[in-house]
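There's a structure below that I have some questions on.
A, B, C and D label the chains in the order they appear, each numbered from 1.
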Amino acid sequence: LASAPAALAQGPGEAGEDLPPWMRSPGAGFSVYGQPGPQAQRVLRRPGANRAAPGNGVAWTPLEQLEGFLTPSGLHFERHHNGVPAIDPAVHTLRIDGAVRRPLDWRLADLLRYPQRSHLGFIECGGNSNAGWNEEPIQRPVGSFHGLISTSEWTGVPLRLLLDEAGVDAQATPWVIAEGADAFAMQASLPLAKLRADGLLALWQNGEPIRPEQGYPMRLILPGWEGVTQVKWLRRLTLSAEPLMARNETSKYTELQPDGRARQFTWAIGVKSLLTTPSHGQRLDARGTYQLSGLAWSGAGRIRKVEVSADGGRRWAEAALDGPVLPRCTTRFRAAWRWDGQPAVLQSRATDETGAVQPSRAALLAARGRNGYFHYHAIVSWGVDEEGAVRHVYV
Amino acid sequence: LASAPAALAQGPGEAGEDLPPWMRSPGAGFSVYGQPGPQAQRVLRRPGANRAAPGNGVAWTPLEQLEGFLTPSGLHFERHHNGVPAIDPAVHTLRIDGAVRRPLDWRLADLLRYPQRSHLGFIECGGNSNAGWNEEPIQRPVGSFHGLISTSEWTGVPLRLLLDEAGVDAQATPWVIAEGADAFAMQASLPLAKLRADGLLALWQNGEPIRPEQGYPMRLILPGWEGVTQVKWLRRLTLSAEPLMARNETSKYTELQPDGRARQFTWAIGVKSLLTTPSHGQRLDARGTYQLSGLAWSGAGRIRKVEVSADGGRRWAEAALDGPVLPRCTTRFRAAWRWDGQPAVLQSRATDETGAVQPSRAALLAARGRNGYFHYHAIVSWGVDEEGAVRHVYV
Amino acid sequence: GPAPSAVPAALAAELAPPRLGRPVPAEALARGDRHVFPDGRGLPAGRGSVAQGAVLYQAQCAACHGVDGRGLTAEELVGGVGSLASAEPEKTVGSYWPHASTLFDFIRRAMPLHAPGSLKADEVYALSAWLLHANGILPAEAVLDAASLAAVRMPNRAGFVAVDDPRRPPP
Amino acid sequence: GPAPSAVPAALAAELAPPRLGRPVPAEALARGDRHVFPDGRGLPAGRGSVAQGAVLYQAQCAACHGVDGRGLTAEELVGGVGSLASAEPEKTVGSYWPHASTLFDFIRRAMPLHAPGSLKADEVYALSAWLLHANGILPAEAVLDAASLAAVRMPNRAGFVAVDDPRRPPP
C-alpha cells in the first residue's frame, strides 16, 4: 500500500488554488421547488403534437436516458386528445350515477377524508411501441417509440368505497362508464369488477398532488391496464348494464385481426421488456465488457424472470432483477456482455409470475397479423455492427 | 336501482352549455418537463437559511401535505452548508486515494460504463426533529420540524467495485474519508465496511440525473445512515487507518450526554414514525371517523409493525402498512379513529425487523439527556382539544 | 402485539369509511348526461338532414378532415368499406365503426376539436347524417333524429370480438 | 430456465466490471490533499502568531462570529469550558473540540464562508492560534506551525465515545 499523504507537502500559497471554481465561492441558495440542473436539461420529454391541434398527441418519456424503475413526474409520458385542462379543484366533482341506488357527488375536500391506498406501478399507453408493427424497424431512440410508459406511486381512495356508498349491483350492471373533464370528455366503459378489485381514485402522484397533465385533481388508476382506461381528470362514473361503445373503445384501442374482425375490450398490458442500455443510436467504443440494463413489466403481476441474448435469441442468459420486484410495476433488469467486436443482436425476454412469456416478433405477428396497432409487446432487437453502432433491427 | 338515464332528456340548446369552461376549449399543449399546476403550487419546500449566508441552512419537505411514501425530487429536503455548487460534469472527477494500491480518478462518462444498482430508500438528516429536545413542544407543522427526511430511488455504481479497483486493505485501513466538491468541501470519515457492503456512488435520483441540490453529478448513498454521511457532490474517497476527526464529526453530528461526554460515529437512523394526518395545525371539523396516516422508517431494515394510540399511549391498535415495505425506506401506515369530541392524544409507535421499538420521549430523554441535539426519534404526540384543534404536545 | 381486547373500538387499522357523497338532484342528473348508447338511449330531441350536414361539415370540419372526409391533419372519416381483411385496411366511420350512436356521442362531446360542446343537437344529427351518407350508409335525402339514428345498421356491426367483456365468462 | 451449459460465457447476469479508473500522478495526489489529521499529518509549511490572528480575525471573521468570537449570525467559537455536563452546555472550539487539527483543516477549507479556500497557510495558522488563545489554550505570544499545532492538547480531548468505530468490535 502507498503511504498516507506526506506532511508539509504544501507550500505557502492559497490552500484553494487548485480547486474548481464551484469550491471557491458559495453555491446557490435554497429553492421552494427543485428543478434539474442546466447540465441535465437535455433529459426531457419529447412531444409529438398534431400541427393543427397542439393538445392532440403525445410526449414520450426518454427511456434510454433514465435509470432505475421510477419516472420523475416531470418526465411522465403525456397522451392527450385535446390538451391539459386547467381545472379548478373547488368546482370539480366526481359523480357516480347511472344504475346506482343513490347518485352522489364528491368534492376534492370530501375525498381527502376517505381511506387512501397507494399503488406503485406503471401506466402504459395501449398504443405504445406501435412502430413495432411497421414493415421496417423504425430508426429512433427507444424512448421515442417505446416511451409511452412511466412509473409512479399513485395514492388515492379505493374506488370500492365510493361505489359501495352509491350502491351498485354487480350482477345487473357489470359496466362502469368513466368520463374525463377535459375538452375531449374522454370516455371508457370498464368492468365494475376491476374497479372494485383494485381501482383507485388517485389524488396523489409520487407523494404530491397529481400533475395537471396526469389528471389533476383526480384520476382513475387501474393497475396493469392500458392508459386509455385510466381516465384522467375523472368527473363521472356511470353504472350500466351495457358498455357505451364509445369512440375510443370502438374506432380506437381495438385491434384489427387478419380476418377483418377486431379484438375489443383488451385491457391488460402483456408481459414486455426492452433493453435501454445499450439501445438504438448508441455506440460501443471498443471491444470489452458492457453493462446491459433494461425494463420489464406485465399487467398480470410481478416479473418472474428476464433473459438476455446477444445472438438474436439463439442462446439466453438470465439477467439480475434489481429489486423491489412489484406487481404491475416496471422492474429494472441488469446483465453484462463482453463484446468481441463481431456483429451481434441484443434482446431481452420477460416472463411474469403467471408464466406468460414475452413473444418473439414473429410469434406476435403470426397471432395478431400486421394491423392490430395496439398492444405491441414483442421482443425488441438491437443490432450491433462491426463499428459498434447499435440500431433497431428485426430478426 | 334507479333506471338508466332517460332518452330525449335534453333540449335543443348547445350540448355543452352546462359544462365547466375547461371542457369547452382545448387545454394546454405538451411540455418537455412537467411542473405542478397552479392549484398545487402551495405544496412547496420551506427554506430556512442563515441571513448572512443564503446557502447555509435547510429547506424542509412539507410532510403533512404529502401522501404515499415517495418524495417528488422537487420537494426533497435540502441541507447545505455553503450552497449548491454548479458543477461541470465534464471536469468533475471522483478520486480514490490515500492508503490504496492505485490512486485512481474516474470521470462521469467512465462511471456510466460500470454496473449500476438501485436503492429505494430514505435520507434523513441526523439533525431532523431536533426541536423534540426543546423544553416546550414546538408549535409548527410536522414538515417544518420533522421534514428533513425524503425518499427517492437512488441508482449508481456499487462502491465496492471502485474501491476494489483501487485496491484497499480493510484490516489496515478501515476508514474512508469522503469529501464533497461544494464550497464547504464537506468531509466525513466512514467505515470502509459500510461502503463495501451497500454503499452506492449514486448518479441517478428517481430515474433522472441527480438534482443539483441532492449532489449532481454524484453522491454517496449509505442506506439507512444519517444524511451528513451521504456526501453530496462527491469528489474524493481517501482510505485511512484513522478517522480524520473533521469538524462535522466532532463539533457537530455528535451527541452530548448528561455526563459531559459525547457520542461520536453514530450513523444509523433509529426506528421512527409520525402521524402526518391529522397533525399539528390541522382541525377536526366534527365528531366522526378520521383516517390516520403517517410514515415509519428505520435505518436498521424493514418496518415490522406500527401501532397507533388515541389516548397518549395507554392503549394501542395496530395500523395497516401500505406496501411495499422495503428495508431502510419510509413505509406509509394507515389507521382509522372515531373522534367522540373529547380531548385526545394521537401517537404512533414503530417497530422494525430487528425488534427495535421507537422510544417514548421520556425514555429517550432518560437515555440521552436533553442536549444530544441529533438522532431524536421519540414518539410524536398530537393533542386534539374539544374544538378539534390539533397541536403538538408532550405527554 | 397487544391483546385484541386492549384495542379500543374507536381505533383500528380500518373503520367504516365516511359517507360524504352528496345526493345529486334528479334534475341535475339528466342535465349533465351526454352518453349515447347503441340502442339510442341518451339521444336528445332534434333532427338534421344530410344536406344541412354537408354545409356544416364544410364550414366546421373540412379544414382538418378534408373536404371529402378523406383526411388531412385529422384522420379520414370516409371510405374503406370492405378493406378490413386486406393487407392495407382503411378504418373509417363507414368501414369500421360498429354503431351510429358513437358518431352522435363523439361529435357532440369532442368536435370540432377547437370548440367542443359548441354544436346544437340538430347540428350533430345533420353532421352524423352527412357522414353516414358520405360513407354510403344513408341516402342523400335522409334526415336523422333519435329514432332513425338508433335504427341505422352499420356495415361492420358484427366486426368486434369483446375479449374481456365482463358479461361473459372468460374463454 | 436454460441449462447452465447453454449460457455463453460472454453473457451473464454479472461479468467482471470494467477498470476505467485513471492512475493519479503522485504530484497531483499531494497537490489536491487538504486533510489534516489529529497527529498533524497534512499540515503544510508556514506559521502564524496569535497577534497576527487577532488582526485577521477582526477583518475576516468577526462580522459573522462576533468581535469576541461569542457568536452572531454564525455560531460562537469561544467560551463554555467546563459547561458540558451542565444543564446549559456551551459547545465551542475551546470547550468541545477534541483536536486542534480540525481547526486548521476546517478554516482552510471552509472559512471565511463567502470566500472559502482564500486563506494562505500562514493565515490559517495565525487564525487557529488566535482562536486557541481566545479560548485560553495558548498564551498571547504563541506562534503556531505544523509541529506546535500538532502538539496542542485540547481540554475536551477525551470527551468523545466512538460508538460505531470500525476499529473496535461493537459493544
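One rule holds in what follows: a residue touches a chain if its C-beta (ideal position, glycine included) is under 8 Å from a C-beta of that chain, and two chains touch if they have at least 3 such contacts.
Here the structure is a predicted model, which means the values were calculated and not measured.
Engineer: Between chain C and chain D, what's the gap in Å when you average each chain's C-alpha atoms?
Structural biologist: Roughly 72 Å, centre to centre.
Engineer: So what's the Cα centroid distance for chain A and chain D, whole Å?
Structural biologist: Distance between chain centres, rounded to whole Å: 47 Å.
Engineer: Once you find the CA centre of chain A and the CA centre of chain B, what distance in Å lies between them?
Structural biologist: Chain centroid spacing, chain A to chain B, equals 26 Å.
Engineer: Need the CA-centroid distance for the pair chain B / chain D, whole Å please.
Structural biologist: Chain centroid spacing, chain B to chain D, equals 27 Å.
Engineer: Where does chain C touch two or more other chains at once, residue-wise?
Structural biologist: Residues 14, 17-18, 29, 32-35, 109, 113-114, 116-117 of chain C touch two or more partner chains.
Engineer: Identify all positions of chain B at which a residue touches two or more other chains, and write them in rising order.
Structural biologist: Correct list: 4-5, 23-26, 53, 82, 97, 103, 113-115, 183, 185, 240, 334, 336.
Engineer: Should the pattern of chain-chain touching be classed as line, ring, star, complete or other?
Structural biologist: other
Engineer: I'd like to see which chains touch which, written out pair by pair.
Structural biologist: A-B, A-C, A-D, B-C, B-D
Engineer: Where on chain A is chain C touching in the complex?
Structural biologist: On the chain A side, the touching residues are 50-53, 56, 81-82, 95-97, 102-106, 110-111, 113-115, 161-162, 165-166, 174-175, 177, 179, 183-185, 187, 191-193, 236, 238, 240, 242-247, 250-251, 254, 256, 258-268, 370-371.
Engineer: Within the complex, which stretch of chain B touches chain A?
Structural biologist: The contact residues of chain B facing chain A are 1-5, 20, 22-40, 43-49, 53-55, 57-59, 65-76, 78, 80, 82-89, 91-92, 97-101, 103, 113-118, 120, 153-155, 167, 169, 172-173, 181-183, 185, 203-204, 206-209, 211-214, 216-217, 240-241, 290-291, 293, 322-324, 326, 332, 334, 336.
Engineer: State the interface residues of chain D toward chain B in the complex, per the touch definition above.
Structural biologist: Against chain B, chain D makes touches at 14, 17-24, 29, 32-39, 63-64, 72-74, 84-85, 87, 89, 91, 93, 96-99, 101-102, 105-106, 109-110, 113-114, 116-117, 159-167.
Engineer: Would you pull the chain C residues touching chain B in the complex into a rising list?
Structural biologist: So the residues of chain C in touch with chain B come to 1-2, 6-18, 29-35, 40-46, 108-109, 113-122, 124, 146.
Engineer: Per the contact definition, I'd like the list of chain A residues that touch chain D in the complex.
Structural biologist: Within the complex, chain A contacts chain D at residues 4-19, 23-26, 288-289, 305, 307-311, 315-320, 334-340.
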